[in-house]
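Okay, so chain A shows up in both of these, paired with chain B first and chain C after.
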Partner chain A sequence: MAGLAELGRKRETRFGLLLITPAVLIIVMLLGYPMGYAIFMSFQQWNDKLGADHRAIGLANYEQLVSDPAVHEAMGLTAYFSVITVVGGVALAISIAILLNRTFRGRTIVRVLLLVPWAVPPVVNGIMWKLIFDGSVGIANTILKSLGIISASVQWLSDPAATMNILVFAETWKLLPFLCLLMLAALQGVPRSLYRAAAIDGADAWNTFWRITLPNIRGPLMFALIVQSMWSLKVFDTIYVLTGGSGGPAGGTTTINFLAYLTNFSNLDRGYGSAMAVGIMILVLVIAVFWILVFGGFNRKRRAADA
Partner chain B sequence: MDTSPTMSYPISRRNLLQLGGLAAGTLALAACSTTSPQSSAGPLKTGGKPSGQINILDDNTNSVFKDSTIAAFEKQTGIKVASYQQGNFNDLHDKMATMFAAQDASFDVVMTWAGWSAEFGQAGWLQELDKTAVPSDLIQPALDAVSWRGKIYGLPKFVSVQTMFWNKDIYKKNGIDPHVAPANWDEFVKLAKKLTTGSQFGYACDMGNPAGAYQNFLRMLLICGGEMYDADYNPIFAGEAGVEGLTKLVELLQLHRVMDPASLQITNASDLADLFARGTTGIVFNWPFQYAVATAATSKLTKDSLGNGLIPGISVTSASIDGSEGFAINKYSKNKEAALAWLQFVATETVQLQIVEKEGWFPVSKSVLEAPTAVAALPVLTTYKETTRYVTKRYGTPWGNEFDQALSIQIINAMNGKTSPKDALASAQTTAQGLVKKYLKK
Partner chain C sequence: MAQIELISVGKVYGKTRRGKAAENTVSDLTYVIESGHFVSLLGPSGCGKTTTLNMIAGLEDVSSGEILIDGRKVDDLEPDKRDLAFVFQDYALYPHMSVYENIAFGLRMRKVPKHEIETRVSDSASRLDIRSVLKSKPKQLSGGQCQRVALARAIARRPAVFLFDEPLSNLDALLRDQTRSELKLLHRELGATSVYVTHDQEEAMTLSDRIVVMSRGRLEQFGTPFEIYHEPATEFVASFVGKPRMNLFTALRTKNGRYTLPGTTFTVDLGEIGLDRVRVGFRPEECELRVVEPGTHGHGVVRSVEPLGNVSDVLITLGDQQFMVRVPGFGTCAPGDRVDIITTRARIHCFDPTTFLRISRGRVS
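Our next item is the complex of A and B:
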């Protein structure tokens, strides 16, 4: 009997493997092969404009990555963009989700309206903000002038710092719906009894949020932080549209991912560009691990406190 | 009786996995191996009677090809144009680079200009043409746009040179004679000051992206009598002429306040042309198509209210920048002879006349440039003839993209007053020296 059961289990395993094989093959072809090829290229001197003979140069591209001032500058801009969009974006999403979790008239309509930015394609999002902040015909200047806040048109997209802040604003606008929905779903999973008990114990709003809400949404919160970190590091389309494909003005929106694009496609330096791409991939992994460790530590502390 | 034991080798799962892994590894290594562009017997010559079919990738500048040229070409040569695809100029570089890198022969003919001829030519992705394949009456700047270091990688489809356009209505409103072009830069600045009132600006340009910043600086450099590189491609643009040119450009924005501040965020010539056509800008330096945009039904200007003349010089009488376009042949094309036939057909007098008359671009051949019908159809052609007496350059190089990116950062910083023109150009020149060394192995 045991033999038959073992045979059945093996058959089931084989059948399961058979079922996942097409998916695995597709993943390997669409993700594994390009990634492997990029890693291979990153160890080569592969600049198309220097000829078709590419030679292995070991870690030279990675050494250049560490010492390149353009990379340092792009990393600085990436850090600025990411910190605001990840920490600020998630914090804003939690705040909005808490408001939307309360009962009020028109809540359903507000929840639906929240989805509008999510429905806008990324390129359209970029074009929209470009038109809004256009220095000649943009509506932002028209509104600010009519309110008497400014007297002359502001050239928002000609100043590197202003353009970066518009980029942050445009991306936050785009990402909020998803984060809000995620947080809202998480909040709806928190047992109401916990809030009732806290109210009986006389907990104020801050303590209720800090000791009940936050610990109970830590799973989705970690997911939101990891996903948003990945998206912030690989921001591309809005920059491309907003700046006419340049990452300007004066390199003011050239984040590390955009620099990798410029290096690969504009400069045709695919060896160095691949090293950048691999570096970004490692960075994403490191940040994901960082968030897991942060929340893992948080969980351990909670368990220790509970014990 | 055969007594030898029968040998059986059952294939285990481990064997299968090993075999699969080996095959995958072999395939991966094969894919990783790099190959040079297909060897060629040298520059392509005209020969025999080409046939078959070709595919063309163009930018969306011209409509005459799909309207009539393709049909005429097919009828005359018997070669079928299987597809004619147009794309936004700003998107074409990446599309073409990806296609070439993959050794893809989907398109036999691709659009090119000075920058790409140098870049893709040096990469070995464009088919070099023999001098015998080049029509004899081509205008030199047009041929320069498809050449790099003495090698010809295509044939031009039209010539584009910047000239000055002004709004005569605004001139009249401000009491300025609309028929007289400024003789020099000082006169231009005086005019621009008079034309600047309220939300109306005397001058606007497009320097919102790296290529735009480069073009605007190059024009200033040339009208100051300067050069980007010496004969050996050593960068020399940070000299006196360059600093003077950039200083004068900065002054238009910061000191004289005659430049529309939106110029720093206008990313292409089409947007500049539209801005001018809205009738609130006095003067622009733009490509020939500005004439068609400014005289279109939607424009605030008409043929009578549009002025056109030479760009006023600072140390020289005038100078301009070139933006001519052409067609090149994909190195991996399977039908290069037919592709060459298309390139040659576009350069013929009949097609060139259509490009002048229907689209407002300058012709690539001397005979059409002198044709009275062409001048009658495109009055700005007269100005173009005058520009041929002065320096017109573009300096297309393989390192153009990297350099434009680096230069634009410095130019924008100078325009915003964050660095001096001298320091900005010194920094850009250092970058250029590194790039020249890298790409020319000097």
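Our next item is the complex of A and C:
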């Protein structure tokens, strides 16, 4: 009988494998092949401007990557953009989620309204903010002028720093709904009785948040930080639309991912651009591991303190 | 030690919960829980007993009336300023903290010195026999252990008042009985005022100095277990307390002081109470049965016999009523037997059929 059961299990496994084969094939074709090809290209001297022939040059592209001042600058901008959107975005999302988790009149409507930015396609989001901050016809100037905060129109999108901040703002506006929703779901998973117990135990709002709420949404919080770090590192569409595909002004919004795009598709330096893309992938992995370690380590430290 | 005083306390929920609001509303509760007493709030689900407990704890606002603890109005005090501990139905242990941390949390929040926290935690842990699991997380514990941790957390705080919200309802039957006895001992040792919400009359009877019986947000009776059982103030209390349920039926006056159950020969002498119709109640265990001589009708017919070992519950059809009698041992009757119900030993409970209030009368045999 045991043999028969095993036979059945084997058949089931085989059937399961058969079922996932199409999905695996598509993933390999659409993800695995380009990724592998990019890694292959990153070891080549491959610039389409210089002609069709290319040769293997080992790690030369990566050496250039480490020493290139353009990369350093782009990394600096990426760090600025990512720290604000990840840390600020997630913190803001938690705050909003906590407010939305309270009972108040019209809560459902507010929750629905929260999702509106999410429904806006990324390109439309970029165009929208570009129009709002337009130097001559933008509503931002009109409002600020009528409020008396500025006297003359500001060319927002001509100033590198201002453009960067508008980019941060536009991205945060776009990503908040998802993060809020994630955090709201996490908050709703915290049993209400814990808050009641904390109230009886005399924990004030601050202690309740740090000692009850936060530890109990640790998993979703880690997920939000990882996902948002990933998105922030590879931000592209908003920059493209906001700056007309230039990453400007004066490279002011050229984050590392946008630099990889420019290198690859404007300079046609496929080899170096691919090396950059691979570098970004490694960076994303490192940061994901970093978050896991931060949260896992937090956990371990607690356990050690308890012992 | 603290005395808790409720003065026409009421609770009205917002209109948002249509239909449900009326059920959950608590109204006009007035009673005094004496210092050191163990008081149960007893009633069916939805009667407002948990709402009342939450109002005492400060977890819910009082809509009307006021609550005094030791003579001090507490309506505006935060829960943690009321010097009370709460044991929740689902224990509400902090899942990310060890058992030690769980017990210590309330003390930490109150800025108790560290060495004092240690003594208190280990003291309450050894009292409840959970020293060995102090380092575990709640997830690793069994239901009974979680219950003990929740109790230890309450004890470690050394509050003036303990509030329990159906703390035993998540335990299996055996553990429940055991924990119940332990709770009673614990209360005797600590002597703190305790308010205990339950829908289980056995728990209420065994643990309490006083019982508050509630139904539909109203106070039905506040009294000792003896009073609740033997002198139920309303028909609701009479039918809710006691197992098996009290036999209650409407009797009609036939002649002076004599009432009969319509369609039967079963009569009861109530004396002069001035009502044509009256609700009459008998406890099943206070009645006796006698199988009648063949050929006579008797009061009714035995429908079924449910032996429980030490006693048997005999269900009798009496006209169109069911009547339960609890007889010793396995009993002597069988289904189909014609029997007389003898109520000479039984306390007769009478209730007004319109107000459902107890009718007090002189002793009637």
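Throughout what follows, the second predicted complex is superposed on the first by the 300 of 307 C-alpha atoms of A that agree within 3 Å, B and C clash if a C-alpha of one lies under 4 Å from a C-alpha of the other, contacts with A are read in each partner's own complex, and residues count from 1 in each chain.
The rule is short, and it goes like this: contacts are C-beta pairs under 8 Å (C-beta built on N, C-alpha and C of every residue); 3 or more make two chains touch, one makes a residue touch a chain.
Just so we're clear, the structure is a prediction, and the values are computed from it rather than from any experiment.
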| item | value |
| --- | --- |
| Three-chain arrangement built on chain A, chain B and chain C clash or fit | fit |
| Partner chain(s) touched by A:L225 [first = chain B, second = chain C, both, neither] | neither |
| Partner chain in contact with A:F40 - chain B first, chain C second, else both or neither | first |
| Partner chain in contact with A:L50 - chain B first, chain C second, else both or neither | first |
| Contacts of A:A199 with chain B and chain C, given as first, second, both or neither | second |
| Computed vertex angle (chain A) for partners chain B and chain C, CA, steps of 10° | 150 |
| Contacts of A:L114 with chain B and chain C, given as first, second, both or neither | neither |
| Touched partner set for A:P191, first chain B, second chain C, both or neither | second |
| Which partner reaches more residues of chain A (counting touched residues only), chain B or chain C | B |
| First (chain B), second (chain C), both or neither touched by A:S153 | first |
| First (chain B), second (chain C), both or neither touched by A:R211 | second |
| Overlay on shared chain A, then closest C-alpha pair between chain B and chain C (Å) | 44 |
| Intersection of the chain A residues that touch chain B with those that touch chain C | none |
| Chain A residues within the chain C interface of the complex | 191, 193-194, 196-204, 207, 211-212, 215-216, 218, 302, 306-307 |
| Residues on chain A engaged by chain B in the complex (per definition of touch) | 33, 36-37, 40, 48-54, 134-136, 153, 155-160, 243-246, 248-251, 262, 265-268, 270 |
| Parts of chain C lying in touch with chain A, wherever the complex brings them together | 57-59, 78-80, 84-86, 88-90, 92-98, 100-101, 105-106, 109-110, 135, 157 |
| Chain A contact footprint on chain B (complex, rising order) | 28, 31-32, 34-37, 90, 93-94, 97-98, 100-101, 119, 122-125, 199, 208-210, 260-262, 264-265, 267-268, 275, 398-399, 401-402, 405, 408-409, 412-413, 416, 438-439 |
